[in-house]
């Protein structure tokens, strides 16, 4: 080998195969299935305890929502004022509400409505927000102008006003109705977030490289821009799951949310708020349930985000 | 950039008409008769109600009502409430207070949220990060009215450090406590957003380059990591201005502040179209200006972003 | 995210404070009250009393003020022919005498020497012109209906009332039918006099009213919208409500919770409405400075007669009785309201002259599970009932908790499905009530304008009356009302009204629930706080240390 750079010549730039024999690490195992970024993500997630903890919690919460009967045998509606704000006792481990209903039973039964509202509202507003925000941020121009201005209008409408109008025109209020109302007035937030991130991501080198390579614009958006811009949206989505559940409580309290007969954490939080000073427990339990739910989704969001980000994965 | 900004300002015009039309329609679509509701359980004769309805043009079709409103608007007349208070007076009373309150809240959530989020993002999985997570979770799942009343009770009633309610003039120092309450939920969002964004930026090539260049850590953090992480945070703050202004209903109620949120909420309940639509129109303008500012900030924060035309 | 909880949380109700800290506070206040300030307790006659209020819905014209926010101000700055004492009995003020031989044609003589705060005299014309104006159709006054029994009144076009001015100190009123309690009604704000300046610029007057009452506006701009109003003592006041303090600062609050916190921290002297969140603790927060007494507010659940299974037939009556028996009023008032409501014994209020807690048939208002079930079963034998018994309420008031409790009581007693049904805003509920489109029962309530049994009965249950949302029709009841009005004395009239109530107890057009108490707290800086029959503190008697 020549020792001085000046002696380098083009002929010797590529080492002879014999000089650098194939090492085991470079060997291609042709029998292995091709790895996608999804399998990589899965590998990465699987190795993190946080994933398992949040996964189990989410499964548990969903199980409670689908099969409340498994977890509870006490009536959630039968009320006895003799038990008003009663302390916990055998068979009623979390005590009683102001109306004398069993707090634990209501917690279990209420999971379904609360989760439905939270998850549906998050899904709807995230999907709408991602699509609209990505298109607006990426293509810009009049599309951006129209979409962003519609977002501005929607965002300026007081949610209370929108909810009253919609709720009084729709006779049957279900968790879906409430979720739709919450999502209608929340999507511009996600859209703006997505738009901002897309504008940022579209200005990066790899996008320019892809454009130079002649990849179609739409393909670049889907393959490169969106995955690199999704981060803040995941954060917003995981946090808003919790705020949607709390927002449902507020709507219920105003009489424009779920009907009072539908048991939900939000309904119970809003009913218990008046008596917080003398009986904090009926408010505390649904709030704790809400916290645990949000926590598990936040952790899961974190893990998923890390797993989808190849750079973060590499650092681990 | 100037061209971009002025084009954006021109968009205000169609948005203004679109938004006011929509809001006017929604108020119109509110169930029941706002005039009858004024009298509560004791109703005057239907003739009296009809006369008051006519006085406020409520007997006319929706689009006529809207056009009358627009016509008056161009004469500088925003209408009056049922009690005869000019809407312009309501605006003059509510907006300055709300502006001070929301600016304070915005300051609190931005400074505290970005700082906590930055440290969390730099030390992910450490004790600080985890405590920040717990605190922001609490703020999300404990409703504002609980936080508001705890703060009012301890700082106001018990320790006498702040006044329990805000006086009519609403000076800055009286708004500190309400602003903190108002900022709580957004604080949680900003912490999470900053944390995630900082974590992502830390892996970026330019940060590695900066570190490899031997730049001091402080400089890497503040100039390279933080600045490049702020796009989502700034986006959030831009949209949050509106939520802080209209969304302060509860906080305003707790501290007896005569601001935008409470005024609009009361006007919705009373079905007072002119008040609602005037406030919302101004909110739309504020939103658009805030979003324009955010878009211009993008270019400042991330030099790669350019507004071509 | 926009949909944070803070964006939406309601104005009304429901905020509270955790912890035992309140006990500490209470301890402080009781110790300070025993400190040696006895000599100063006589009061400083120039001290201004601060109290809670709310923004008036209308300009401050007495005949257009029918809600409590404006009412509190108007009754402080005006004085009528008579005023009411703490028990609701009338006391002559501007009137020297109010006489009639047939209860239909009234002769009213005035005391001379009364002045408006602009210096003009209060004469017979101050009353007749004001009443005529208030009754005019085109002026659309919310209290205009108070003149509907005056000769010459027309609800659909402008016309003149039949009022005759005899001299500056005497005028005559002609009614369309006898009304024994007419003098009793004359203390109501609709009957206040107005100065000549009112007619020159009614708009300006509404912002800066000129009255003849114990207080007057501090200045032309004393009313700051949404913030409050400053009143000072009227030195020229000649009546019996002579203030022992220097004035009133009425601060407007959007929530009573905020006002309560202000009393706790010493920023407010008197609060006349303890919020629900403090029902359980107000007595320990303000051990010696609280009040909880019956007021002239009646609350009920109306079951419209057009509701299937609840008509004015045998089945309907059985069901109404069963529902009434199934409501455990004693328990709901004790647990839900912490004793700030008094279970109803009739359709009026204990603060009203002529009230009786022992009407025949009022045992239907006492919880009786076995009888309720028996009657419900009898009704089912006539026509089986399946479905949900709903009680509608407006969610922008403070009704959900008690409606739920009443529904639960009915449900667990009768074994049927019963639930609360919320309307987002009051106007929506009112629209369905007025259009007779209710699909169940609904909350109803009545606060007396003047202390008379008649005022609690005729407007609510008389055939075709404006506030008879339940569409109750009974010839017998209507006859009682006419008969009672024609009696020569209030006592005799009350006897007839009691018979009418006994009929109502059988028909139950509305299910009486309870009387709302007035619950107030005040700081130790003020003394001698008493509440009137109309739940408003007697401010003029309050002294400040």
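Quick notes on this structure:
A, B and C are the chain letters, set down in written order, and residue numbers restart from 1 in every chain.
One rule holds for everything that comes next: a residue touches a chain if its C-beta (ideal position, glycine included) is under 8 Å from a C-beta of that chain, and two chains touch if they have at least 3 such contacts.
These figures come from a predicted structure and were not determined experimentally.
Remark: the per-chain Cα centre closest to the mean position of all protein Cα atoms belongs to B.
The interface carrying the most C-beta pairs in contact is the one between chains B-C.
Rounded to a whole number, the gap between the C-alpha centres of subunit B and subunit C is 38 angstrom.
Between the CA-based centres of subunit A and subunit B the separation comes to 23 Å, rounded to the whole angstrom. Rounded to whole angstrom, the centroid-to-centroid distance between subunit A and subunit C, based on C-alpha atoms, equals 50 Å. Residue positions of subunit C with contacts to 2 or more other chains are 1-2, 4-5, 7-10, 14-19, 396, 423-425, 428. The set of subunit B residues that touch two or more partner chains comprises 30-31, 143, 145, 149, 185, 189, 239, 242, 246, 249, 265, 268. Contact of a single residue of subunit A with at least two other chains is seen at positions 155, 160, 164, 168, 188-189, 236, 239, 243, 246, 249-250, 273, 276.
Within the complex, the subunit A residues that touch subunit C are 78-82, 84, 98-100, 121, 155, 159-160, 163-164, 167-168, 182, 185-186, 188-189, 236, 239-240, 243-244, 246-247, 249-251, 253-256, 259-261, 270-271, 273-278, 280. Of all residues in subunit A, only 145, 148-149, 152-153, 155-158, 160-162, 164-165, 168-169, 188-189, 192-193, 195-197, 199-200, 203-204, 231-232, 234-236, 238-239, 242-243, 246, 249-250, 269, 273, 276, 283, 287-288, 290-291, 294-295, 298, 302, 305, 309, 311-312, 314-315 touch subunit B in the complex they form.
Taken in their complex, subunit B has these residues touching subunit A: 8, 11, 14-15, 18-19, 22-23, 26-27, 29-31, 133, 137-138, 140-143, 145-146, 149, 185, 188-189, 192-193, 196-197, 199-200, 203-204, 231-232, 234-236, 238-239, 242, 246, 249, 264-265, 268, 276, 280, 283-284, 287-288, 291, 294, 298, 302, 304-306.
Residues 1-5, 7-10, 13-19, 22, 276-278, 280-281, 328, 331-332, 335-336, 394-396, 400-401, 404-405, 408-409, 412, 419-425, 428 of subunit C touch subunit A in their complex. Per the touch definition, subunit B reaches subunit C in the complex via residues 30-34, 36-45, 47-48, 51-52, 55, 82-85, 89-90, 93, 143-145, 148-150, 152-154, 156-158, 160, 163-165, 168, 182, 184-186, 189, 239, 242-243, 246-256, 258, 262-263, 265-266, 268-269, 271.
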